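There are two complexes below, and they share chain A, which is joined by chain B in the first and by chain C in the second.
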Partner chain A sequence: MIEIIVLLILLILGYGFGSYREKRHYQSILEREEQLRHIMLFESRFPPDIKTSGDAQLVQGNVVISADYFKIFVAGLRKLVGGRLRSYESLLDRGRREAILRMKEQANKAGASKIFNVKFETSSISKGEQNTLGSIEVLVYGSALS
Partner chain B sequence: MLLSNMEIIPQRKINKHLGLVQGSTVRAKHVGKDILAGFKNILGGELVAYTELMTEARDEATQRMVEQAESIGANAVLNVRFATSSVAQGAAELFAYGTAVVLEPERGVSEPTATPTSE
Partner chain C sequence: MTSYENPAPREGINTTEEHPLKEFAQLLLGLGFIFVLLIFLVHSFAGVIARQIPIEFEQRMVADLEFFESGDQDKQARLQALADELAPLMDLPEGMKVNVTYSEDEMVNAFATLGGNLVFFKGLVDRLESEEELAAVMGHEIAHLKYRHPITALGKGVMLGTLAAFAGGASGSAAGEWLIGSSTNLSMMKFSRDQERESDRAAAAVLQKRYGNIEGAQKLFERFSELEREFSVSEKKYKVVEMFRSHPYSDDRWAELAKEAIAEGWVTTGELTPLEW
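Coming up: the complex of A and B.
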């Protein structure tokens, strides 16, 4: 009985805080994306033949993000039948967009307007209980040019 | 020291190629931070302490790579790549590698990365 109550409290806490923070985070991501839209990202290995000035500088952004209890629980249920784990998709999306924004902020501070050779890397730095999703690190880096 | 993950630098010539340089560090988390992160696994969201830890560790790996490049007389490291691997439960290795080169000096300027020029 007590176990069920604890589980319910954890689920409610996870859902409440998790979805509130996700909403807030998306709001701030959208605002900052608008502010930094003038910085262009390119995945090409070589800069195109356009006028650039100054030297390249390595810029990077990283974020470690973790899922809330509710998301882990829902994903656990979803795993029984398979298919899309929507609760984790939004988590990775947020992490990646946040990392891009941090990289763009760094480039902005250095006075650059373009970032070339953008590379992404995602790694799981710790596992949760029973091998569930723990914390995930997203790293993005590239060369900034003005 | 100029760092870039491109293979060339626009408008600069590579005078000498000095080969691969690398730097790595293995870091473990602090128990206190780990317990706090456990709470965050219930509430979700960013783990700021971990983000800082990873940034710090990656800077250290980069620093070691730069030291190696300096010791062989390079003035730039091109094609820089990062890799992260979890070597044991609670410990991660951060690895940075790149190609050390000697770039042709810029006209009149000895330290190219010191002041970003904007027009």
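Coming up: the complex of A and C.
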């Protein structure tokens, strides 16, 4: 009985805080994406065929983000039957977009207007550990040009 | 010179706009239903499957196990003699041999387990005053063997354990284990109330056959009722009352037997033979 109560509290806390923060985060992401829209990203290895100053600079954005208990619980149930792990999809989406924004902010400070050779790396930093909340790291980097 | 634009992509492609609680509810209800169904199937068919397991196999499983250190050899021999007297009257499955161990433990209990093994504890034996009461307990425990309850309980435990391991392991989280955990613990190596009632009936039947009445059972349940009252408040004696947690209330058990007695034509009163050790 006590276990069920603890579980319920964890689920409610996880859901409450998790969904509140996710909502806030998406709001902030959408706002900042609009602010930094003038900085363009190119995944090509070489500078795009547009006028540039020629001085390239490495910029990077890095994010570590953790799933909440609710997301993990739902994902645990989902894994029994398969299908889209929706609760993790939004987590990774937020991680990637936040990382891009941080990279763009760096480029913005450096006065750059475009970033080329953009690359992503994603890793789990709680890999293989039992009874821990899953956390991911998203790193994005590229060469900024003004 | 190429010109580039940076339009905002549509939202809701990489993520879903569906409410997270909807998925949660669907999964919980769907999986909950499946697990309840599986647990129900295990409970319903464990007995049928268990009865297919050869008794010889069951005996081999526990051949090297000593359940409890045996105590007073004289008492053990007399308990074994009573078992040997009652067993032939109870229509046991072929190959089932009853083997009684007497333990000096103070626990007020007796139990039947794998391979036709019965264990009687000093705590219980000392509290019984007549041979018929002892025979009622003996008949009840032999009935567990007759209906193969121990191997059924083991089978259930293994199947539910596998299910729990699947649920917990596949999901790698508390979710699956929680779905199934509570029901598993309750089923492990414990006989169900229905099995206890079934055994009570068989015990009463053998008392009637052997002594011409079921007074022993009536006396036994009266004694248990007293013990239940005596121990129900004292947590310290938890170990002692272990038996009462796994069985229906003694008063109810007797009430049911009394009903059965009318239908079956059993005699409910008779002479008791004092136990002299």
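By definition in this document, the second predicted complex is superposed on the first by the 138 of 146 C-alpha atoms of A that agree within 3 Å, B and C clash if a C-alpha of one lies under 4 Å from a C-alpha of the other, contacts with A are read in each partner's own complex, and residues count from 1 in each chain.
We take it that a contact is a pair of C-beta atoms (placed from the backbone, for glycine too) under 8 Å apart; a residue touches a chain by one contact, two chains touch by 3 or more.
Keep in mind that what you see is a predicted model, and the values were worked out from it rather than measured.
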item: Fit-or-clash call for chain B and chain C when the two complexes are aligned on chain A; value: fit
item: First, second, both or neither for A:34, with chain B first and chain C second; value: second
item: For chain A as apex, the angle formed with chain B and chain C - C-alpha centres, to the nearest 10 degrees; value: 120
item: Which superposed partner A:81 touches (first chain B, second chain C, both, neither); value: second
item: Which superposed partner A:73 touches (first chain B, second chain C, both, neither); value: second
item: When both partners are placed on the shared chain, which of chain B and chain C touches more of chain A; value: B
item: Partner chain in contact with A:89 - chain B first, chain C second, else both or neither; value: second
item: Minimal inter-chain CA distance - chain C and chain B, angstrom; value: 13
item: Interface residues of chain A shared between complexes with chain B and chain C; value: 70-72
item: Touching residues on chain A, where the partner in the complex is chain C; value: 3-4, 7, 15, 19, 30, 33-34, 37-38, 40-41, 48-51, 70-81, 84, 86-87, 89-90, 93, 130
item: Interfacial residue positions of chain C with respect to chain A in the complex; value: 1-4, 6, 8, 11, 14-16, 18, 20-21, 23-24, 27-28, 30-31, 167, 170-176, 178-179, 182
item: Contact footprint of chain A on chain B as seen in their complex; value: 2-12, 29, 34, 37, 40-47, 50-51, 54-55, 58, 80-86, 89-90, 92, 106, 112-113, 116-119
item: Complex contacts: residues of chain A adjacent to chain B; value: 10, 13-14, 17-18, 21-22, 25, 45-47, 52-58, 60, 62-72, 91, 98, 110-112, 116-117, 119, 121, 123-128, 134-135, 137, 139, 141-143, 145-146
